[in-house]
Every structure is written in C-alpha cells, then in structure tokens.
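For reference, chains read A, B, C and D in written order, and residue numbers begin at 1 within each chain.
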Amino acid sequence: MTTTPTARAYAEAPRSADHQLSMEELAAVIARDIPAGAFVNLGIGQPTRIADHLPADSGVVLHTENGMLNMGPKAEGDAVDPDLTNAGKVPVTELPGTAYFHHADSFAMMRGGHLDVCVLGAYQVAFDGDLANWTTGKPDDIPAVGGAMDLAIGAKDVYVMMTLFTRSGEPKLVPRCAYPLTGIGCVSRVYTDHGVFDVGPDGVRIRETYGIGAKELAERLGITLS
Amino acid sequence: MTTTPTARAYAEAPRSADHQLSMEELAAVIARDIPAGAFVNLGIGQPTRIADHLPADSGVVLHTENGMLNMGPKAEGDAVDPDLTNAGKVPVTELPGTAYFHHADSFAMMRGGHLDVCVLGAYQVAFDGDLANWTTGKPDDIPAVGGAMDLAIGAKDVYVMMTLFTRSGEPKLVPRCAYPLTGIGCVSRVYTDHGVFDVGPDGVRIRETYGIGAKELAERLGITLS
Amino acid sequence: MSRAEIVESADAAVAGIEDGATVLVGGFGLAGMPFDLIDALIRQGAKDLTIVSNNAGNGEVGLAALLAAGRVRKVLCSFPRQADSWVFDGLYREGKIELEVVPQGNLAERMRAAGAGIGAFYCPTAVGTPLAEGKEEREIDGRKYLLEYPIKGDYALIGAHVADALGNLVYRKTARNFGPVMATAATTTIVQVGEVVEPGTLDPEAVVTPSIYVDRIVQVAARHYTVQGAR
Amino acid sequence: MSRAEIVESADAAVAGIEDGATVLVGGFGLAGMPFDLIDALIRQGAKDLTIVSNNAGNGEVGLAALLAAGRVRKVLCSFPRQADSWVFDGLYREGKIELEVVPQGNLAERMRAAGAGIGAFYCPTAVGTPLAEGKEEREIDGRKYLLEYPIKGDYALIGAHVADALGNLVYRKTARNFGPVMATAATTTIVQVGEVVEPGTLDPEAVVTPSIYVDRIVQVAARHYTVQGAR
C-alpha cells in the first residue's frame, strides 16, 4: 500500500534562525508562507494560531469543515454564538463575504481539491509524505478520526505543524510512520521548531533550520545529505 | 437485461365510461388518482395538462427537474420571466413555499425516490412496466434523452399517459417494447383514452375501460383475461 | 413522502420510532443538536437503536443522555472521543456499546448517497489507512479510491432554525452542518425548529431543505447549552 | 484557486481559453445561458472545443452561434434536438460535429463528482437501455446500477444573478440550474453577473456558490431573449 520511503534526501543552503522556534514563532513562519488570497483550512490545535499571524490585507480565506468559508477570529464575550463554531467547536465570528454550507458540500469542497493549503498537527510524518495524526493505535485508545483523513487528502498542499521531537527525544519526522496512517504521501511540507522540510515522492529536504545546523539536524533525523 | 414479460394478465370488474376519453378528460382522471399532498413531477407534453385538474385544496406539490418545488401555473403576460420556466422551457410561476435548487440537487431528489408520482408520455409500455419514450431509434433521428431516463427510475410510482393506439391502429401497450428502452420495469400504471392498466412484474391488468368492453380491449391488446 | 405534518409536541414528533431503528441525529457537538427530540425519544423508550451522528454525546445532555439511558446498541460516528464524552467512553470501555468510526466527510457523503439514489461511490479518503480494511480499492485515472456505500436512516432527528408550514427549512450559521444531508437520507425526517412561519415567508432562493424531505415538524422554545471547546 | 478576479469585459474574462479545451456552459435552454461570455469566446477564436451543456443551442444566439462559427468538435449534452436547434441539427447531419448524449441527471451528477473528488459512482439511471452500452453494471442490495465517471471541465462559463467582490454567487429562480455544479467542476470558472456588490451584502445563509469556486467575474448589462417552448 505505502511505497518504500526513498533514502534520497538532500539539503541546500537552508535559511536559518539562531534559536529553536516557539509554536507562536512557527505559526508566524507558516503564515508568511501562505500565498495571498489562498483558501486555507487550519486544523484543530496549534495550526489555529496561524490565523493570528496572517496580515490583514492577505486576503486569505479560512475554511472550516463544519460548513463555512471566510471564518473570522475567535468570538469573545457577547459575540459568542452557540450556532457559530469552528471545527474544534470553539466559538468564532464571520467576516464580510462569509458563506455557510452543509457538511456534504463542505467536504466535497475539500476532497475536490479546491483548498490551496491545509495545515495539520501530526504524531509522525514520513519522508515520503505519509501522515499519522489520528490515533496512537494503543489498545485502550478510543478511535476517533473526525475530518483528519478527509483533510489529509483534500488540499492542494498539506502542511504539518509540529514539534520535531517527542518529549523523550524521538524524531517525529521519520523514514516510515510507526503509528496508524491518516493518509499516504499526502504531506508536502513539515514545519517544526527545529526546521522546515519538504517531503514527498523525492524524499525529504531541509528548507530552513532553527538553532541547529543542517548537518547536525540531518544526522539526528537519519537524513543523508546529498 | 429485461425480464420476459409475463403472460399472466387479468381484469376484474373495471370501472368504465361510455366513450373514449379525450386527453383533457384523461388528465382529469389522472388528477383524481394523485393522492392529496403528493410530490409530483408532470412530464413534458400531455402530462402537463394534469395540473389544471388538481383541486385547489389537493396540496399536491409540483416538482420540475430544472430545479424547483411548488411550481405554479403557466405564466401569462407580464408574469412571464425568462429566469422561471418548467422542464419544457415554458414560462411558469411560483407558489408560496417554492424552493429553488440546482440540477444535481434536483435529480438527487428524483433518483433518491422522494417523489411520490411522476407522469410521463410514452411511445410504448410493456406489460411488465418497461418504458420506451425517448427515441424511435430511427437512423436519421438525433438522439436526445433529457431527463427521461432519470424520471423513469426516479419516482415511487411512474404513470404513463398516452393514446392506447398509434394512428395506424397498433397498440402502444405491448408484450415487449420494440423501441429503445428508457427504463426497465419502471412503469406501474398506464392511463390511456381507452382504459387504465396496472403493469409490472405480475403482468398487465385492466383497471378501467372507456367506450370499449374489457373483453374486447383485452383481445385487441392480446391480453389473456384470467 | 407526502406533505409535512406540524405536531404539537416533541413527544408526538417521535411517536412510533421502533426498537432497533437506525436514527440519524444532527448536530456537530452542540450546534444543531435536536435536544428536545432526543429528550422525547428518551421518554418514548425505543431501545436497541443504531445512532448515526458526528459525535457520541457531550456531558450529560442530548445524545449523552440517550446513551446513558441504555437505549443505544451501536454508534456510527466520526469523533466519539471528546473532552466531555465520559458517558460514551464509559459504555465503550465496558463493552456495552458498539462503535463504527467513519471519516467525517464519508459520513456526510454516504448519507448524501442514500438520499440521492447513488448505489455506492469511489472516494479517496482513508486509502492506505486502517479504516480501509475490508473495503474495495480501485485505481481510477492514476488515483486510488475506496468503495463506500450509502448510510440510510429509518429516522432523522434534526434541529433547524425556521420552517414554513409546508416543511421548507432554513438553518442558522454552522448549526446547518449535517441537517440538510440527514433530511434526505431518512425514511422519516423529524425536525425541531425555533419558529414555524406561513408559506411564502421564506425566500425561495434561500431554502436549504425543500419540504419534500420533511415529515414532522415541532416548534420548540430556544435553549442554549454551554459551548465546549472539545472536538 | 485563489481569490476571484473582477475583470472589465467579457473579452478579458475568456482570455486564454485554449484550442481543444473542454468548456462547461451553463443554462437550461436560455435561462442562465452566459450569452456575453459565449459571444466573447466566439471573438476570442478558440477552436476544436468540447462543449458540455444541457442543450446544443437555440436559434442563432449563444451556443448556437458558437457552433455555427465552427469552433466546436464535440457536444456532450442531454437534449440536443429542440424546435429551434437547426444549427446543431445541420452540423450533426453533415457529420461535422460529434455528439455524446448523457441523461440530464447524470450530466449534473457526473460534474458534481468531478467537483467533489469522487472517482466514480454507481447510478440507477439508464440500466437496461441503449445508453448503458459499454458501462460497468453492478447489483447492489438487489438493484442494478451503472458505473459513471466524473466530467471535468478546463473552463466553466456560467451566468449568475449577483456576485460579491470575493466571488460569492447567488442565482435567480430556475436560471440556477447547472451553474453551481459546473462552478465546482472546472479548473477555471468564469461568471457573468448582472451586478457585483461589496462583501457583506449577500446573506451568508443564501450564498449558493461560495467564492472558492469562482475565478473570474464580469458584470454585464441585462439582456432578455425570447423564451421558446422547446425542451
């Protein structure tokens, strides 16, 4: 089913920062890379922060899979409306030019490839773009997938935002995912606190590094620099 | 593909009229048989007349497959609006409680079996309910199907309204259709100027006769009375 | 389905739901959840139900209360596990309830297929994942798809904003979610609304669920639950 | 597709349509037919086109004029033959144009599938008829279905009523017909509207085509053609 992850991997003169990025700084980096006017879905959790870093004039239109385009910021105080939430069920607002639609239309929009970018969290991403972000597969875990598998295959570009290492120091960008897959070969770019990577059929490539050299990063991940 | 039409056919004490019905009278008969509150699609041509014979309090809701429920009568004079037509492209009106929808939603409504009754014209109907109404199959005929095949399989009950015989006297209710089929086993009842028939997997049964005895009618059609 | 019936109470609306029925329940979390109909269903007593819904209940209300009452044999949903889904979690861990996890988009599209007369469809979601197990895979134009079958309900319980007396419905903001799709996919669609108006009041261009999909309507008092932050 | 572009003329709207392109053309008869865009396409000169539309032109205007100009290699439609379809009829009988007849509902659903990422679907229409030839048949739950594939367009030309500056669209009455479905099924969707308004003017509950599906918009003057009685 999944293809063997290619051993070919390379890095060329990556941009860099002199320190590991916080999730907030990383959100700003991703916001910078989202093209003006793009239609974007920001997954539940960390990716939600990216919205705060989009320039007001970016013209980026946010989609939420529970049935809305042109979603505005989180609702506060009196603006909270139980009939208006994002996919994480957090109360949000609408912007001028909002459109509402039902779930089948909303997922048709995603799965038909109309979104430009989707940003998701992940447990693991493989060098070839395989994604694992829906279940740890532990026996006592109650499985729950939500829209994860639809989002994974649904945008022109699927970005992942995550810490590069687990708390115990294991890489989450890996030759092959150990966790149950969400989608195969679906991720094109991985944004982490230690650096940014392109992934896909041609393997992994370091784009930027933060607080670590490309050579050292490649070694920690088992990437062969070409 | 089509099942062999059953030879079993019967008639039991049909109601009758002392004369062949005009298409206008036949429209009134069909209107009488449409249940109050039903959702109904009336095909292009003769079936359109049925609308004029529905009692004002029938609560029948008319569907037109180009995207409308609760269609009103034909538009006259200033009421003509080029953006509001029926499936025959005749200008119509809307009634209070109209809903508009696009073509995929409209045909989903039909094909999902939500309409109670659809009334269609026909070239031929077979005893087992096969329908031929879209093309004569002549070599110089330009094929054109429109919504005929979707309508044929789309309603809980598909009625046909037609003259029983061609101008040259050939029956149009036949053991097996000679014309290319529109749908198999889809018609449940056939309303004609000479009588009304149930058709289907159990064969043909005379329900009513107009200006002809059941025995004579059965003979002309080659129906064996049981 | 002939013309929609306006009934006097939520209890009248859910009358006749049989033991063992498959019931589609609208709502995404709390938005669009038909609380009054679910409460009436608990009073009505039907058991051994299969529930199709995005989630498996929040806190102690709505679906969670139906589950707690022991009426549900099986849940078909995309996301049972939530911060406040302790009722479901407990039943599941005790082996007292069956669970079938369906990707959210498949849940919607499979119900649409049921309503639209589609026999099955090839869908790109879940290819190569554990949820592909047992499903037919086919490559079309170089992409892999799984064959997905319709999900049909005996009943749908949905919450809408306003109905007209014919049964046309409009929804409010993201509370629309699964309502319009479920209305098409059930043999009998039962709707609670905040208001019933005369035909001709709703804009025909803005009707979301045409009357043909609606069987019973009950008007209920507005009720707002706390919005929680779990998916 | 990034944000919709509002262009100054129908000519600018159809710029770049390549020879050999597949173009979805909205309208059911004359209602919703994007006349200005078609006229501009004739001026633009693209040839060898495949046209997907419900009909194959009426009288001498719109699609009929495009056909008469010799730009169309193939028509994929449900109902070419009409009382006033003499342009198509002539070309067809002379063998100068290819025709693929598709049931009207399949035309709509196959475009929906293209827009929704569905690889193929099993549909009950046309089973046992000449239009089933060459199609895969499968029995599901005791009913027979044919396998139908998506119809994708390189371009869609559609007529809508009002757009907002982001590209959200509303339609008018039965002129809605194929527009919303075609908008989802084309790589580039080009829309003519009677009016462009500021974002926030359209009711978010009543938007029929969300802006994500729209690439170019041109505002045109109202133009009414005689309504004919042919299907």
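Things worth noting here:
Heads up, the rule we're going with is that a residue touches a chain if its C-beta (ideal position, glycine included) is under 8 Å from a C-beta of that chain, and two chains touch if they have at least 3 such contacts.
Since the model is a prediction, treat every value here as computed from it, not as a measurement.
By the document's definition of touch, common neighbours of chain B and chain D comprise C. Counting steps between touching chains, the shortest path from chain A to chain B takes 2. Chain centres computed from CA atoms place A at the largest separation from chain B. Across A-C and A-D, the chain pair carrying more C-beta contacts is A-C.
Mean C-alpha position of chain A lies 29 Å from that of chain C.
With centres set at the average Cα position, the gap from chain B to chain C is 35 Å.
Annotation: 33 Å between the Cα-based centres of chain C and chain D.
Counting partner chains per residue, chain D shows two or more touched chains at residues 109, 112, 116-118, 123-124, 171-173, 204-205, 208. Residue positions of chain A with contacts to 2 or more other chains are 94, 100-101, 107-108, 110-111, 153-154. The complete set of chain-chain contacts reads A-C, A-D, B-C, B-D, C-D. Within the complex formed with chain B, the chain D residues making contact are 28-32, 54, 78-81, 88-89, 92-93, 99, 101-109, 111-112, 123-132, 171-181, 208, 224-225, 227-231. Residue ranges of chain C in contact with chain D, taken from their complex: 109, 113, 116-124, 138, 140-141, 143, 145, 149, 170-173, 203-206, 208. On the side of chain B, the complex with chain D involves touching residues 1-2, 44, 64-68, 80-91, 94, 100-104, 106-108, 110-111, 130, 137, 140, 142-150, 153-154, 180-184.
Only residues 35-39, 59, 61, 63, 69-70, 94-101, 107-116, 153-154 of chain B touch chain C when the two sit together in their complex.
Within the complex formed with chain B, the residues of chain C that make contact are 1-3, 112, 114-118, 164-166, 168, 184, 198-200, 202, 204-205, 207, 210-213.
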